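Each of the two complexes below includes chain A, the first together with chain B, the second together with chain C.
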Partner chain A sequence: MKRNVAIIGGGQTYHAARRHDVNQIEMVNEAVRAALADARMTIDEIDTVLVGNMEFFEGTHMTDCWLVDGTGAYGKPGLKITTGGTVGATIVCAGAHHVASGLFDKVLCIGFEKQEEGDTGAILSAVAHPLYGRSMAGAAVGYFAMMGTSYMAAWGAREEHSAMVAVKARQNARKNKYAHLKLDITVEDVLNSRMLAYPIRMLDMCPASNGACAMILTDEKTAVDRCRKPIWIRAMDTAHNEQFELDWRDVTTRKPIFSKVSAGRLYKRLGVEQPSEYFDVFEIYEPATWAELVWYEDLGLCRPGEGFMLIEEHKTEMDGPIPVNPSGGVLSTNCIGASAMLRVWEAALQIRGDAGEHQVPRDVRRALATAYGGTNWTVLTALSSKKDD
Partner chain B sequence: MPSEERGRELISIPMTVEVPYRFAAGKYMTKFLMELRDNGKFYGIRCPVCKRVQMPPRIVCAVCHVQNTEWIELSHEGTLVGFTIMYLPLTDPTTGKPHEPPFSYGSVRLDGSDSVIDHMLNIEPDIDKIRVGMRMKAVLRPREQRVGDLSDIVYFDPISQ
Partner chain C sequence: MSERFAIVGVAQTRFSPKRADVNYAEMAYEVIAKVLSDTGLTIERDIDNAVSCSHDIWDGQTISDIGITDVIGGHLRNEEKMAMDGSTAVYYAAIGILSGEFDCTLVLAHTKMSQTNRNIVNNTAFDPIYTRMLGLDFTSAAALQAKRYMHCRNVTERQVAKVVVKNLSNAIHNPVAHKTGRHTIAAVLDAPFVAAPLRALDIAPDADGAVALVMASEKRAKTITACPVWILGLGACYDAPYLGDRDLSECLALEKAADRAYRMAGITDPAREVDVIELGDEFSYQELLWLEGLGICGRGEAGHLIDSGSIAIDGDLPVNPSGGLLSGVPINVSGLNRVAEAVLQLRGEAEGHQVKNPKIAVAQGHSGFCGQHQCVIVLGRE
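Let's turn to the complex of A and B:
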């Protein structure tokens, strides 16, 4: 990057299925105030505000204008960004580009979703091509169900393996005071939960959450002057799939899939040979249990077809050798427009050592965050405690 | 926090928005849908560079970024690469009506195609009766009932082996 970019603060709301106590502006403002307080900054110091959510989930367009009181963007340069599930990470990516380019020194990034105010399933169906496949596109659950059947058929995994992912997420979430689903559950509980779309059961799927996240990115000088422990954005990468070719759920495909392509490029840029050793913690975007197993493989944490063995061997637990989603992840909290930013923010908190009860018990120097947009693209963000390593 | 909500009246106002759309199929999709409607045939298109046969046909190969020109007739038979049994009454966005659960649907790769198509499966929604790798055959509506969209395919039938 042309200039180094640091995360010097952030904040999130608590996440819940119901937030009738606040409207969208008030909810967003909770996260903005938390982020400014964390960075010990005032809104006057912010150069530009980038905000985003999932298109039309809340039934309002021009959310950048609607929310201007809450975001603090009044009179400032700024943009709205909407890129589906990736949006939170896309905003951070765009914010980092704005700082790296030298255009701005202090950028406020905001992602939010108030899912209860709209019909998530109906709006998500519009992610599909209108004339090809939309009839079947009722909700995300069907896509992940097919990913699950494909995964089991290809690699010999069982429903117990996805259930283990569900348990890990919700047990981790119990230690995260901001998480939505904090459930003391077992593998049996997951397997006994209501079937939604085989092999996805209720507890295999993320909740519909309300919530917001905000982060403050700055240039190196501001970061060093103002922040006790800035977290450096070392690298970012994005990649798209091909329209109509949703073969990502056909886990045996040999086609270059967005997640693998993007990870390969990012690793090359950083000189990563063994990602499970290079990064100390991962915050990945897993709206369903099977997606986590696929991410293990796409990120090269194991060989293709071995993702389910990582969870079986407890490798990705909070205190395991490859901690994945100590926050509880998307499976525990999915306020879609904020979810991908929460991955980056939670990764930053781990490096700062400020994750609280869900801090992984090791020295965290580097972390990787991922995102899913629709089922077709990703934004990866690599963070470090050092600006050059 | 939610506890503050207890005992307090909070107003929220319900609202329903109906939005009509009309989508142009475009040159390539129009040919695909017309062949399906009029002749009961599936057509894909082959990229002149990477040779992938893509369905639905599209003007540009995303990988090679060259114009696709060679139309290829595809089989009505293919292989199931993924499936689910849906237990939720999901609304069909193209009709506004729910599909009656439980029902099975899946992703089928037609012989000769590099792409897959998602559609209903005419298989009892029983996990012991469906498996990835099954051979499937498309069943179309009778000619006089076909309208020129994907509903011209009723479902995919398993091919008994």
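Let's turn to the complex of A and C:
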């Protein structure tokens, strides 16, 4: 990128299954105000406003246009992007490009979803191709059920391993005041929860949350002038698998898969040889427990087929050597349009040392955030406390 | 802006009321294949970014760029869907190139309006609490804007009808237009009301179609084509969402977007410096209102412009020589079609609707009802 890009502030709403206290405008505004306060900035200083949201989930067309009073975009340039679960990170990427282009110095990025206003399962089933896929679509649960059975069959993992991921996420979430599912649960609780589609049980899946996240990205000069500890966006990478790659749920596939391809490119760009050492904390997008184990492997935190051993050995706990999702992750909070941005923002908070109770107990210099959506799509974001390392 | 960038190729489908022979991915592939073959580029070797433009709600698929990931080259690579008008897709693709991240970007807009019902889709753009139940859609909202504008600026029904006569007759010579015709002012004013003061011919008809173009940095552009069309300026802006919060006869968002684009392009007197304009005449009166917003004339003077003949295809400043949206361009695609038509004019490739030797063109697109979000792109031959 032609100019360095820094995150100088951010904010999020409280996340919950019901937010009857706010409409969409008010909910988005809650995050925007928090971000502006965090950056010690007023809306008048913002040059452009970018919105990420999947409008089917709320049933309102052109949410960016309706929400102008909440986003602060009145009289300002801006645009909306919709790329599914990845959109929160895509908006950060768009924000980074806006700053790097030299046309804008201070960019407000917003991601949100108010899922209670629509039917999440039906809308996710409409992701599938109308002719070839929709009649057998099982929304996200069906997809991750296939991933889970494939993972167990191929690598010899057991349901207990996915349950350990579920427990880690919800126990971490108990330390995150904004999280949706703060559950004091055990592996037994997970294994006893209602079966949705084998092997996915209720506690293996993310919730349908309402919430928003906002971040302020700036050029280097503004960042240095205005921010005590700017967090630098070092690199981003986007990759998709197209919809007819039908063996995508096979964890042993030898075909190029979005996550590995994207991580490979990002690591090459940054010169990362050992990702588990290069990055000090990971915030990954895991809509279901099994996805977290697959991410460990695809990101190269362990070898293929060994992801479940990492969780078994507690390596990815908040105080482990490779902390993954100290925030509680998507398993604890999933407001789709905001989820991928929350990963980036939580990663930035860890580097800043401002994550509060869920701050990992180590010196955090670099962090990696992932996004997950579409038919196997991702956007990876590498953050650092230094602009050139 | 230190570095230049250009549009190096465009392709458009013929617009038609219903393309039952293709799904939206196949329709997109038509224009992608054509623009790649025209420019001699391949996705694998040359294209490093893709921006698509459409809306889930029009496509009937959640995350509808899933439907075009393969044909646009998004498999294992970059693609982002801009859910606005197609002009904003150009704006966003341009920012990607200026950021230094990308060299050569494929931009696509596609929509099949025949798949659904525009009134229902557009009704859901109104807030679910206060205005959606009133049954408002883009047409009824536009009718309010038309009344307000015509009242405040003393614009007559005849002047608005002249826009329809001009654009539909311009479209006769445009090979991709689907609605054309030589109408008299009387015939336009005889058409039945849809939402007063808007009559049947005042409203852009439904259409199916797609447009693709390729944008490249200066260095790349010069290796691809001998006649790149340079993007000289761009601007975008949001207005307020609630109709009652706006004076609908004014265009705050367009004025701000245009001001930004002109400043970037170094244009101080657009009426003199611009040679051709392609703008978003989703409704006939909007051509006049947007000309005021674009600063081509003062407030209330657009009626005189159409009377004087200066915005006719053979006038001093032709507006919508292609026939504009009134000749049938799908929503969402419309802004990219404006930019593509501006490129064809600057390259002298507009066939029967070519205007004389243009050097600077302006393309304008808008999203939302009554032009709430505006985008302006200034293009030039030099």
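Just so we're on the same page, the second predicted complex is superposed on the first by the 385 of 389 C-alpha atoms of A that agree within 3 Å, B and C clash if a C-alpha of one lies under 4 Å from a C-alpha of the other, contacts with A are read in each partner's own complex, and residues count from 1 in each chain.
Everything that follows uses one rule, which is that a residue touches a chain if its C-beta (ideal position, glycine included) is under 8 Å from a C-beta of that chain, and two chains touch if they have at least 3 such contacts.
Computed from a predicted model, the values in this text were never measured in an experiment.
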{"item": "Touching partner for A:98 - first (chain B), second (chain C), both, neither", "value": "second"}
{"item": "Partner chain in contact with A:243 - chain B first, chain C second, else both or neither", "value": "both"}
{"item": "Partner chain in contact with A:302 - chain B first, chain C second, else both or neither", "value": "neither"}
{"item": "Partner chain in contact with A:59 - chain B first, chain C second, else both or neither", "value": "both"}
{"item": "Which superposed partner A:198 touches (first chain B, second chain C, both, neither)", "value": "first"}
{"item": "Per-residue touch tally on chain A - higher for chain B or for chain C", "value": "C"}
{"item": "First (chain B), second (chain C), both or neither touched by A:130", "value": "both"}
{"item": "Chain B versus chain C as contact partner of A:21, first or second or both or neither", "value": "first"}
{"item": "Partner chain(s) touched by A:146 [first = chain B, second = chain C, both, neither]", "value": "first"}
{"item": "Contacts of A:227 with chain B and chain C, given as first, second, both or neither", "value": "neither"}
{"item": "Common interface residues of chain A - those touching chain B in one complex and chain C in the other", "value": "59, 117, 126, 130-131, 242-245"}
{"item": "Residues of chain B touching chain A in the complex", "value": "1-2, 4-5, 8, 10, 12, 15, 17, 21, 23, 25, 29, 33, 54-56, 58, 62-63, 81-88, 90-95, 99, 105-107, 115-120, 127, 131-133, 149-151"}
{"item": "Residues of chain C touching chain A in the complex", "value": "1-2, 23, 55-57, 60-63, 65-67, 69-70, 74-84, 88, 91-92, 95-96, 98-101, 121-122, 124-129, 235-241, 252-253, 256-257, 260, 367-369, 372-373"}
{"item": "Interfacial residue positions of chain A with respect to chain C in the complex", "value": "1-2, 23, 49, 54-56, 59-62, 64-69, 73-84, 90, 93-94, 96-98, 100-103, 117, 123-124, 126-127, 129-131, 238-245, 256, 258, 261, 373-375"}
{"item": "Chain B-facing residues of chain A, complex", "value": "14, 16, 18, 20-21, 59, 117, 121-122, 125-126, 128, 130-139, 141-142, 145-150, 153-154, 194-200, 242-247, 249-250"}
